[in-house]
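After this come two complexes, each holding chain A, first together with chain B and then together with chain C.
Coming up: the complex of A and B.
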């Protein structure tokens, strides 16, 4: 979609939401992503509210035709709206076009928060002590997400509570995506499914799971963690799920600092802040599921690429499949 | 026969790289050309290695399936298109047979018995898959600049 077209559609969209008397105006529209991946457009909106001019810096996130994930903007909108009632620093959401009737594709309009994302900030240029301090603050942010009163915020109306069967529910969900999107057989993933099913843990409690917690999804302001972004994978589930995601071997450069902030340091600090005991065996199971999910996302991306819905080439990599085989061997006690 | 496919891909990539370096391009166009260049670079290296890889993988997978069929007869591999091991096969035929054999391997994971011989047979499957991951030319090249850092999306 061209800049002119999105500007025109946004003006009409805001006219409907705010009323024609608000005389909304759109300025400084520009796209910050490319190809057929998710379209993120930044813009400034100005309108009249009771005679007073209001100006906001906003972002509209339009669904891609295809890619690694197919998630529902209406659900993401509901999650973000519910989180406003909690201390979790989620972006403020403004409006939703659930079916894309107005903006061309299902879309969310959110407030543009200040700050920069840096996937590898924990292993960047800053002094070691600053990076360890930041790692601890990121861990505290995850605890804040998990401690959120999801029932009080109304998230029980958005998601079902999987209770102690959270792992079984997640595994079944990702298997169904695999079956929907796979274009060819993957014996590696069949082995993973068999091993995961045989060792599935029970969840000790239900929390809000972010689903893709990482420094790359946290806006840093003057070096401090600010808004936590990208809630499209959020759901209710087992807190070990996010712990398994951030301690998976494929993402150590994003979450750990060799010799200074290791896996055990992270889990121990999480225990200290949350007051909850972490089941190390359960984290290992969720490590394997994290890797399985990654492979499934890559398979979805491959299908999108082959069908011409996505320009970026994805496929399960040797690193992902090899690590998955290692993790499942550890779970089942099979020789590595 | 010259020009090889790899040489032609290299030439196309040079053109794309030159276009991507044009300072007058917008961010979107420059990123799209960089993505195209990255996909061409992948193809340059993997294209020539695909057929030999598929032929060898089909041979190793069929041999293992023949062993597994002792425990589960439905895993017996179908006969190859030509009984002559020296016969020249097209990449399309080799790829089709690879999918057929890997489907049987995927099935093996679930139909092998849950006992010591079954577990030992599954361990052989894992061994074969690990070796395949190191040899597969299309899985061992970065999908895009930076992707190799995490191996994840």
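Coming up: the complex of A and C.
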């Protein structure tokens, strides 16, 4: 969609939401290429509220035609709306176009929060001491997400509580996406499924799982973690799931600092802040599921490409499949 | 016709798109599409020479592994002859072998997976992912 078209659609959209008397105006529309799953447009909106001019910097997240992930904007909207009642620093959400009737594709409009994302800030150019301190604050942010009162915030109305079977439910969900999108047999993933099913852990408690927690989804403001973005994979589940995602071998550069903030440091600090014991075996299972999910996303991306819904030729990479096989090998105890 | 080869033709298409089309397009979806198309055509051109050796190596490996696991060859589907059979036949045959391996590996698969069988499968799958990566069709493979 062109800049002119999105501007026109946004003006009509805001007229409906705010009323024509509010005379909404859209300025400074431009697309940003952050993330691989959604199409993000930044813009400023100005309107009249009881004679007073209101101005907000906003962002609209539109579904692409295809890509790595297919998630529901209505669910993301409901999650963000519910999180406003918690201390979790999630972006304030404004409006939803659930079926894309107004903005062309399913979309949600959020307040644009200040700050910048830096995927690899923990291994960037800052002094080591600062980076370790930041890593600890990011861990504290994850604890804050997990300790949120999801029932009080109404998230039980958005998601089912999987209870102790959270891992089984999550595995089944990703397997169903694999079955939907695979274009050919993947013996690697069949073997991984077999190993994952045989060793599935039970969840000790239900929390809000972010699903893609990383420095790249945290807005840094003056070097401090601010708003946590990108809630499209959020759900209720096992806290070990996020710990497995951030300690998976494929993403160490984003989450760990060699020799200074290792896996054991992260898990121990999480235990200290949360007061919950971390089951290391469960984290290893979730590490393997994280790789499995990544492979399934790549397969979804490949199907999108073949169907002409995205223009990047994804495929499960040797790094992902090789790491997954190693992790499943460890889980199932096969001798080397 | 050997010259221009299929690879020459693909590279020519990519060069032409870059020189004649991309240069006159303003930033936007159309330019993004052409940029992506150029990258894909170049990757396909690069992978093409390795495709037949890749398939033959994969077929050999899959057949040897099935034999190692005690699975008899399918008499109704003889190995294609690369001297006479086309690329499509090689691909279809390779996929039937992958299907048989996947059926053995799947959670409710027929094979009782003891440690030796699992080791054989994991070793095969490791070699397959390495071969896939060697084609470098995906921009994600480095």
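What we mean here is this: the second predicted complex is superposed on the first by the 331 of 336 C-alpha atoms of A that agree within 3 Å, B and C clash if a C-alpha of one lies under 4 Å from a C-alpha of the other, contacts with A are read in each partner's own complex, and residues count from 1 in each chain.
The rule is simple: a contact is a pair of C-beta atoms (placed from the backbone, for glycine too) under 8 Å apart; a residue touches a chain by one contact, two chains touch by 3 or more.
Quick caveat, the model's predicted, so the values are computed rather than measured.
**Student:** Under the superposition described at the top, does placing chain B and chain C together on chain A give a clash or a fit?
**Tutor:** These partners clash in the superposed model.
**Student:** With the two structures laid over each other on chain A, which partner does A:275 touch: chain B (first), chain C (second), both, or neither?
**Tutor:** Neither partner.
**Student:** Pick one for A:2: touches chain B only (first), chain C only (second), both, or neither.
**Tutor:** In the superposition, A:2 contacts chain C only.
**Student:** Just checking: does A:197 make contact with chain B only, chain C only, both, or neither of them? Give me first, second, both or neither.
**Tutor:** Only chain C; A:197 stays clear of chain B.
**Student:** Per the contact definition in the header, classify A:313: touching chain B only (first), chain C only (second), both, or neither.
**Tutor:** Both partners, chain B and chain C.
**Student:** On the A-aligned overlay, A:251 touches which partner chain: chain B = first, chain C = second, or both, or neither?
**Tutor:** first
**Student:** Which partner, once the models are overlaid, touches more of chain A's residues, chain C or chain B?
**Tutor:** Answer, by number of touched residues of chain A: B.
**Student:** In the superposed arrangement, which partner chain does A:51 touch: chain B (first), chain C (second), both, or neither?
**Tutor:** So A:51 meets neither chain B nor chain C here.
**Student:** Which residues form the common part of the chain A surface touched by chain B and by chain C?
**Tutor:** 184-188, 190-191, 194, 298, 311-318, 321-322, 325, 329, 334-335
**Student:** Could you pull out which chain B residues touch chain A in their complex?
**Tutor:** Residue positions touching the partner: 27-28, 31-32, 35, 39, 42, 99, 102-103, 105-106, 108-110, 119, 122-123, 125-126, 129-130, 133-134, 136, 138-140, 143-144, 147-153.
**Student:** For chain A, which residues are in contact with chain C within the complex?
**Tutor:** 1-2, 184-188, 190-191, 193-194, 197, 298, 311-318, 321-322, 325, 329, 332, 334-335
**Student:** Taking the complex as given, what residues does chain C use to touch chain A?
**Tutor:** It is residues 28-29, 32-33, 36-37, 40, 43, 95, 98-99, 101-107, 109, 113, 115, 118-119, 121-122, 124-126, 128-130, 132-133, 137-141 of chain C that touch chain A.
**Student:** Please name which positions on chain A make contact with chain B in the complex.
**Tutor:** Residues 31, 34-35, 68, 120, 184-188, 190-191, 194, 250-251, 253-254, 294, 297-298, 301, 311-323, 325, 329, 334-335.
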